[in-house]
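Labels A, B, C, D and E are assigned to the chains in the order they are written; within every chain, residues are numbered from 1.
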Amino acid sequence: MLNLVWLIPALPLAGFLLILLFGRVLGEPRAGILATAMTASSFVVVVGVYLDLLSRTAEERHHVVTLFSWLPVGSLHVDMALLADPLSITMALFVTGIGSLIHLYAIGYMHGDPKFSKFFLYLNLFVFSMLMLVLGENLLVTFLGWEGVGACSYFLISFWHTRDSAATAGKKAFVTNRVGDWGMMVAMFLAFSAVGTLSYEGINSAAAGGKIAAVTATGIAMMLFVGACGKSAQLPLYIWLPDAMEGPTPVSALIHAATMVTSGVFLLTRMSPVLHASYPWVGDVIATVGALTALFAATIAVAQTDIKKVLAYSTVSQLGFMFLAIGSGAYVAAIFHMVTHAFFKALLFLGSGSVIHGMHHEQDMRNMGALRKLMPITGFTFIIGWLAIAGIPPFAGFWSKDEVLLYAFANNRLLWLIGVITALLTAYYMTRQVIMVFFGEARWHDHAEENGAHGDHAPHESPWTMVAPLVVLAGLSIVGGALQLPFSKSTKFLEHWLEPVIHDSEVSISGTWAYSNKWLLLVIAILIAVSGVVASIAVYAKGKFKIIEPKILADAWRYDSAVSAIVGGPGRAAFGGVAAFDAKVVDGAVNGIGTEVRAASGLLRKVQSGLVRSYAFVIGLGAVVLLAWFLLRGIL
Amino acid sequence: MELFVFVVAAAMVLVGALGVVTRSNPVHAAMSLVLTLFGIAVMFVAHNAHFLAAVQVIVYAGAIVVLFLFVIMLLGVDRAEDLSVEPITNQRPLAAIIGVGISAIVIAAIVSSRAGLGASGEGVNETTLESPDANIRQLARVIFSDNVFAFEITSVLLLVAVIGTVVMARKTKSVGTRK
Amino acid sequence: MVFAATLDGPSVPWVELIPILSLLAGTCFLLLVGSLVPTWPRRGYAWVTGISTTVAIVASAVQWNNLYYNKGKTFFADAIAIDRFSVLASITICLAVIFGALMTSAYLTRMNADGPELYALLLTAAIGGLVMVSANELIVLFLGLETLSLSLYLLAASNRDREQSQESGLKYFILGGFSSAFFLYGVALIFGSTGSTKISGIGEALSGNISIINADAMLLVGIGMLLVGLGFKVSAAPFHVWTPDVYEGAPTPVTAFMASAGKVAAFAALIRILLVGLEQRVDDWRPVVWALAILTVFTGSILAVVQTNVKRMLAYSSISHAGFILVGVEAAGHMGSDGIATSMNYLAIYTVLVMGSFAIVLALSGNTDGETNLSDFKGLAKRRPALALAFTVLLFAQAGVPLTAGFVAKFAVIKSSVEANSYVLAIAAMVAAVIGAYLYLRIAVSMWLEEPASDSEISVDPAVVIVIAVSVVATLIVGFFPELLLQATRLARFAPR
Amino acid sequence: MSFVLSAVEPTSTWYLVLSAVLFGIGTIGVMVRRNPLIMFMCIELMLNAVNLSFVALSSQIANIDGQVAVFFVLVVAAAEVVVGLGIIVSIMRRRTTLTVDDMSGLKG
Amino acid sequence: MHASFPILSALILLPILGAVLITIVSNKHLELVKLIAMLFSVGVGGMSVWLLASFRSHDSGFQFVSQHDWVTSWGISWHLGVDGVSLFLVVLTGILFPLVILGVDPHHDHKRYLAWLLLLEAGVMGSFLSLDLFLFFIFFEIVLVPMYFLIGGWGYDKRVYAATKFFLYTMLGSAFMLVGIIATAVIARRDIGYLTFDLVTLAEQASFATNTGRWLFVSFAIAFAVKVPIFPLHTWLPDAHTQAPTGGSVILAGVLLKMGTYGFLRFGLYLFPAAAVWAKPVLLTLAVIGIVYGAIAATMQTDLKRLVAYSSVAHLGFIVLGIFAVTSQSLTGSVMQMVNHGISTGALFLLVGMIYERRHTRQIAELRGIQSVAPIFSAAFMIVMLSSIGVPGLNGFAGEFLILIGSFQSARWWTIVAATGVILAALYLLWAYQRVFHGEPDEANSTFAEMTLREGALIMVFIGLIGFTGVYPKPMLERIEPSVDKLVEHVVSHSDYKVPTTPNIVVEPHGEKAGE
C-alpha cells in the first residue's frame, strides 16, 4: 500500500486534467461530481496508507517513493519524491478528508454559476498542490506545492474576476505570499550550502546530529519562519487573508481556513530539528509573533460586521495560537490545534456559506438574525462549531487550545496571558456572531423590503449537498478532541503517533510548575471561555451593557490601509521615479550622445562655407600647426 | 657689389609681390608680377643660373604674364576690385597671421640649419667669358641624361594643357555626335 | 668649344614603360584620329580607352609576374622604380580608368555629347598616376602629380552646362595650385638639407650611407610641407576642405575617378616617400600621421551625419576612408608591421566600392547629372529593387559590415594597427566607423523604408550596369574569400635601394 | 660707401629668407584676394619663391639639380597657367562679375 | 542522416540558400515564396532536433566539429562545433524560426520579410556554432543587418528610430570587441607561435598577462553587455522590442539577446578566466541592479510590449548573475534559463502581438476584462506568465532556482537581493494581467476574438515546452552539465578562483534518531 503513495496526489491531478480537457463537455453537475470523486478516492488511498503505516513499528513508519530525478546538477540532487510518514499522512488525511467534504458542499454552493466546472478544476489543482506540499520528500517538492497552492488561491480568490475587488484581492494574496516564498527560497539556499542536500531527512538528521552550526540553523529557521508568516498570515504579512474572503465561501473554508494557511505550521514542524539546532531566541520570536497575531486579530474580530470577515480574523488569530505552540516547542499541540481548527473552522465557514447562500448573498450580520428557525441544521451545526472554537469542553477546540496554553505557560507566562486574553475574546466575538446571525429578532425582513431585491422569498435551508458536510464536520468538531486527551499517556494518541517525526512530548516540560498544575490551568481555561460567552450574551442578547465596537477595531487598527497607503503612495512614487530615471537619464544619455554628434556636425559644417579663400585659410592653418610641430622637433 | 645687387633685386621682388597682393586693378597687379619676376631673374643671374634667368624672363614675363593680360582684356574684367571691404570677417588679419607664420617658421628653419648645408654635388659651373655656355652645357647634360624621363613627362603635361584648352574653349555642342 | 664631349643618354627600359606608353598611345590616338575622323561609332572612344588601358593592365600583370624573381629595380638613374608596390598601384589605377571610361560613356550618352577629350584626360590622368606611384624622384613625382591634377581640374570643370561643375573645377584648381606650391617648397627644402631629390637618395642620405649633412630643422619643415601637399591630395583633415564641394560639383564619373585613382596615386606616393625616403625619420612623422588619421576619420564621419546630398555624403565617407588608410600608414611606421600591404589592400577594395557606389548615383542622377539628393533615392527599392540591393551591398560594405570587401579592408587595417600597438588609434577609428555607419543607414532607410517620391522610369545604361555588377560581385567575392587579394597585397614591396 | 657695400657678402641664406618672405606674401595673397586671376598670380608668386630657394640652395650646396628642378617647375607653371586661364575663361563666359566669393554654391 | 554529414555547416548554409531562392523567385508567386520559407525553416528545425537527438550526453567536448581553412594568411578557419552550452540554443533557434515563419503574418512584403528572417536565422546559428573568433564576430555582426531591416520595414510607428538605435548601439559595442579580438590573436601569437583566431587553441594555449587579459576581457565584455543587455546599456532594448514586428520581437527576445550571454560564457569565461573572475563583482552587481531595476521599470510601463521588454532586462540579469557566480549549478541554470527565457518571453511577445492584432493598441489602459470574453486566450497568457514569474513545475522556475541556489554558494549577498526579483516579477506581471484581463470588459474589448486554431496550435508548442522543461528538466541538464563543469574546471585551473564546495552529509536512515 505504501508504494501507492504517488496515487494520493495523482488522483486529484487526474481530475484536474480531465476537467481541463472535458470540463465544458461535462458541465454541471458532472464536473463537480468527478472532482469530488477524485478527492474522495484520494482520501481512501490515504486511509489505506495510514493503516499500512499503523501496522508498522514506529521506526518503519517512514517511506519514500521516488518518482524521478528532478533537478540533478553537480552536488545538487533533487528528486521528485514523496515521503509517507505520520506527519505527512496526518496532513494528507484531513486535507483530502475535509477537501472532499468541501467539494461536495461546493456542488451545491456553486450551483448555477457559469464557471461551475472551472471552479472544480481549480479545486482539484489545489488539492493536488496541497498534497505535494505535505507529502514532499524534500524542501523543493514542498516548495512546488507551496507555490502551487499560492497560485490556486490566486485563481480562486479572483474567481469572480469581473469584480475588481476580487481581482485585487487575488493579486494581493499572491504577491504577499511571494514575500514569504522569498524567505523560503533563501532558507533552501542556506540549507543546501550548509548540508548539501534539500531532503528533509538529510537536513533534519544533520541538524539533529549537530552538523549544522547554530548560526546557520538560525538563519534557516528564521527564513522558514518568514515563509511561514507569508503563507500562514502572521504579522506583518497577514493582510491578504481578510481580503481573500472575496473568493467563494468553499474556497475560504478549504484554503483560507482548513488547509493552505496551515502549511506554514506544517513546514516549521517538519523542520523542527533545525529549530532545535538554532539559537533559543528563535523559538521566542516565533511564539511572540504568534501570540501577538492571535491577540491582534481577535481584537479586530470583535468589531467586524461581515460574517466572513469575523471568521477570517478568527482564523488569523487561531493560526497565531499554532505559532505560539511551535514557538513554545509544542509541535504536537500545534498539529493538534491545526486539525481541530480545520474541523470547526471549516464547519463555521461552510455554515456561514450556507447562511449567505440562504440569504441570497447577504453577508452583513446586521441584516440577519433569528435564522435558526429557518435554517435549523445550519444553525445547529454552526452552534456546535461556535462551542468548539470558544473552547467549551468537551468540544475539540477546548482540548487543543488548552494544550497550547499549557506549553505557553511553561515557556513564557506573559505569552500565556496574551493567549488567555485571546481565548476570552474568541469566545466573546464568536458568541456575538452566533447571536447576531441566529438569535435575536430577524433584521432581514425590513431590510429585504427596503431594497426589495429578494424580499418576496425568505431565507431558506440549503440543499443536502451543502448540509451533509456540515453535519459530518459538526460531528468531528465534537469528538475531535479525542485525538489527544491529556488524561494519561495512553490517551495521547496523536503525540504517540507523531513520535517518529516529532520526538518531543510533554516530557520536555515535565518538572515545570505548569506541568504539575496543569489541571488548574485547565480549569482557568474553562472559566475564561465561559466568561467570554457570558459577557457576550450579556452585551448582545440581553443588552445589559452597551456595545463596544470601536471604529479603530472595525478598521483592523488601520494597519491594512496604512500598508496600502504606503505602497500606493511613496512606494509607487519611487517606482515611477525609477522609470522616469530610466527614460530621462539612462536613455537620455544615449540619445544625448546622438544629439551631441549632430551638434558637432552642424558646427564643423560652418567650416565648409563654400568660400575658396576660407578653405585656403583652413589649409594654411593646418600647415602652420603642422610645420610648427616639425620645426619644434627640429630645433629642440 | 653683390650686396647692392641683392638689395635692388630684393626691393624689386618685394615691391612687386606686395603690388600683386594690394593692387586693386588686375592690370596693375599683373604689372607688379612682372616686376617680381624680373627681380627673381636678376637673382638667378647672381647665382650663375643664366639659362634659367633667360627662361624666366622669356617664359614668365614673356608668355605667362602676357597671357594673363590677354585674358584680362578678353574678358574685360579690368575693373578695379573693391579692396576696402572684406566679406569674410577677420579673413585679412587671420590670413596675415598665417602668411607671417609660415614665413617665420621657414625662416627659423633656414637660419637654424644654415650651417648644416654642406656641399653635396660636384658643383655649379661658373659662367665666365671663356666658357659663356658652361651653365647651359651643365644643365643640358643633367637634363638629358639623368632627368630625361622627367623631361619626357613634361610633354604629357603640355599635352594635357592642349586638351584643356580644347575642352574649355570649344563650344559645348560643337562635337560631332549621333543623336 | 668642345664638341667632342658627347652626351651618353641613359638606356631606356622600353619594356618596363609599356603601361605608360600604351596609355599615352591611347591618348594620342584619341586626339589625332578623333580630330581627323568627325563621326565615330557609338562608344568608340570608350573602346579605345578601354583597350589601351587593358594593354596597360596586362603589361603590368606581366611585370608583376616577372617581379616574382627580382624585387624590382629603378631606372633613369633612380628616377623611377618598378616594383610590386608600384605595379599593384598601377593596376588599381588602370581599373579605375576602365570603370571611369564606362561611366563616362554612359554619362556622355545621356548628355548626348560625345567626344574624345574626356577619355583623353582620363588617360593622361592615369599616366600622371602611374608616374606618381612609380616615381623615385621628387621632381618626377611632382610632374606626375601635376599631370594628374591638371587633368582632374579639367575633368571636374568639363560640364560647362552645369554651374557647380565649373565652380568645383575652379575651386579645385586654385586650392590644388596652392597646395602643390607647398609640396614643391617641401621638395626644395629637402633638397637643400639632404642634397638629393631622389627618394631613395634621401633615404641613404638620412641613413648616413653618403656624406651626412645635418640640417634638421630645414629637413623637417620640408617634410611638413610635403605632408601638407600630399595631405591635400589624399584629402586628409584639415586639408580635406575642398573634397565635398569638388566631389559634389564634378560630373559623377569624374568624381568616381578622382575618389579612386587620385587617392590611390597620392597615397602610393605618400607611402613611398614616408617609408623609403624618410624611414629614418619615422619618429618625426608618425605622430603627425597619427593625428591626421584621427582627425580625418572623425571629420569625415561626423560631418556626414547631417548631409542631404548623396554625392556629398559619399565625399565625406571617402574622407573617413582616407582616415582609415592613414591608420594603416601610421601602422606601417612601426617595425615589422604589414601596414603597407593593408593600406594598399584598403585602397584596392575602396576603389571598387567607390566606383560601384558612384555608378549607382550616376544611374539615378538624371539628365542634368544633378538629381543626387537623398530625396531622389526615396523608395528606390520599390522602383528598382535590384539597384537598391546593389547599393545596399556597397553601402554596407563601406560601413564595414562583415562578409563584404569593406570589412576585409577595415579588419586588415585595424589588424596592422593593433600589431603596431597603436590601440587608441584602432579604437578611435572603429568608433568613428560606427558614427559613419549612420550615414549609410540613412541612405538605406530612404531607399527601403520610404515611399517613392516619383515613379518616373529609371533607365540604366548598360555600361553602368557592368560597373555596378562587377563592383558588387567583386565586393562579395572578396568579402567571402579575401585570401587571394591578401596574398597579392602582402607581396607589395619596394625596389631595393 | 662702395667698400661698405662690398664688405658684406650676401650669403644664400639671405636669398632663402627672401624667398620665404615671398612665399608668405603669396599665401596671404591667395587668402585675401577675390579675383581668381590675381589669386592665381599669387600662386605664381609662391612658385617663384620656391624657384628662388631652389637656385639659392643649388649654389649653396653646389648641386646643379636645383636648377634642373626650376627648369621643370617653369614648364609646370606654364601648363598650369594655360589650364587655369582656360577654366577661368570658360567660367567668365557666363558670368559678368569676377570674384570667387560668389562662387560658393557648393557648401556644407 | 549519416554522422559524417556536415550538419552544422548545413544549419548555417541552408537558410542562406533559402533566402537566395526567395529573392530570385518573383513577387507574384507569393505562395511559392511562403512554401520555400516554410520548407527551409522547418528543414533546419528538423535538423536541429536531429542534432539534439544524436548529441552524446555526458560528453563535455565539442561534437559534430567541422573545420576548414578559410583565410589562411590570418589563421582564420571555418571552425564549427556544438557542446552542451550551445546545443539547446541551436535547437531553440531551429524551433523558434519555423514557428515565427508559420505563425506570424507580416501583413506586407512577405517575400523580403521571409528572406530577411532566413538570413537572420543563418546569422544566429552561425554565432552559436562558430568556434573561431573571427567567424563568431562575422555572424555576431551580420545579424544586425536583417534585424535592422525587419524592425525598420515591418515595425510600428517609431520603427526607424528604434532600428537605427539598435544597429548603432550594438555596432558600437562590437567595435570594441573587434579590436579586442584582433589584439587577442596578435598577443597570443607570442605563446602559440602563429597567428590564429581559433577559440580552442587560444583558450587552451594562450596565457595573457594580468592587465592585458583584463583589457581584452573588457573589450569583449562591452560588446556582450550591450547585446544582453546589462544595465545601464539596456535602453536600446525597450525601443527595439516595442517597435519590432511580433516576429521580430520573438526572435529578438528569444535568441538574439542570448548571443550576448552566450558570448560571456564562451568568450568571456572560457577565453579570459582570470580576468572574468577579476570582473566578477562588477558584473554581479550590475546583474543584480538589472534584475531589480528592470523589474521596477517594468512595473511602471503603460505599454504592454514595453513591459515585457523590461521584464527581459530583469530575466537576463538572472542569467548574467548565474554566469559570473561561477558554479556548476548557476552556470547550468544560466544556460537553461537562456532557453527558458527564449520560450516564455517569446510566447509572451506572440500573445501581445495577438492582442495588438485584435485591438490595434498595446496600451494597458485601453485593455480590460479580456478574460470574460476570451477565456482560452487568457488561460494561455496566464500559463506563460506564470512560467515567466517562475512558478515551480514550469520551466522558468527550474532555471531560476538553479541559478540562485548555485550563485548563493559563491555570491551570497548578491543572490539574496536578486531573489527579491521573484517578488517583483509577480508584482508587475500580475498587475498587468489584472488590468488587461480582469474586470468588466468595456465595449471596445467586449468583441475581443477568442484564440484561433492556428494561434492555439502555435502557442501550444510553447506551452508544451514550458510544461515539459519545468517538470522533467533532467534530459536537458545532463546534456548541459558536462560542458559547464568543464568550463568551471577551466576557470578554476586558469585563475585563483575556488569553487565553494557544498558539504555532502551522509544521511543514515531516520537520521534524527542517530543524531541523538
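By our rule, a residue touches a chain if its C-beta (ideal position, glycine included) is under 8 Å from a C-beta of that chain, and two chains touch if they have at least 3 such contacts.
Remember, it's a predicted structure, so these values are computed and weren't measured experimentally.
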Shortest chain-hopping distance from chain D out to chain E: 2
Neighbouring chains common to chain C and chain D, by label: A, B
Steps needed, at fewest, to go from chain B to chain E via touching chains: 2
Chain occupying the middle, per Cα centroid: E
Inter-centroid spacing, chain C versus chain A (mean Cα positions, whole Å): 79
Geometric centre distance via CA averages, chain E-chain A, whole Å: 37
Averaged-CA centre spacing for the pair chain D and chain B, given as whole angstrom: 5
Centre-to-centre distance between chain E and chain C (centres being mean Cα positions), rounded to whole Å: 45
Residues of chain E whose C-beta touches two or more other chains: none
Of all residues in chain A, the ones touching two or more other chains: 605, 608-613, 616-617, 620-621, 623, 627, 631, 634-635
Where chain C touches two or more other chains at once, by residue number: 139, 143, 146, 150, 153-154, 157, 160, 170-171, 174, 178, 185, 189, 192, 195-196, 213, 216-221, 244-245, 306
In contact (per the touch rule at the top): chain pairs: A-B, A-C, A-D, A-E, B-C, B-D, C-D, C-E
Chain B - residues contacting chain D, complex: 1-4, 6, 10, 13-14, 17-18, 20-21, 26, 29-30, 33, 36-37, 40, 43-44, 47-49, 51-52, 55-56, 59-60, 63-64, 67-68, 71-72, 74-75, 77, 81, 86-88, 91-92, 94-96, 98-100, 102-103, 106-107, 110-111, 114, 117-125, 135, 138-139, 142-143, 147, 150-151, 154, 157-158, 160-161, 164-165, 167-169
Chain B residues within the chain A interface of the complex: 88, 91, 94-95, 98-99, 101-102, 105-106, 108-109, 112-113
Touching residues on chain E, where the partner in the complex is chain C: 70-74, 137-139, 141-142, 144-145, 148-149, 152-153, 159-160, 164, 167-168, 171-172, 175-176, 178-179, 182-183, 186
Complex contacts: residues of chain D adjacent to chain A: 27, 30-34, 39, 100-101, 103-108
Residues of chain C touching chain E in the complex: 396, 401-403, 407, 411, 414-415, 418-419, 423, 426-427, 430-431, 433-434, 437-438, 441, 445, 448-449, 482-483, 486-487, 490
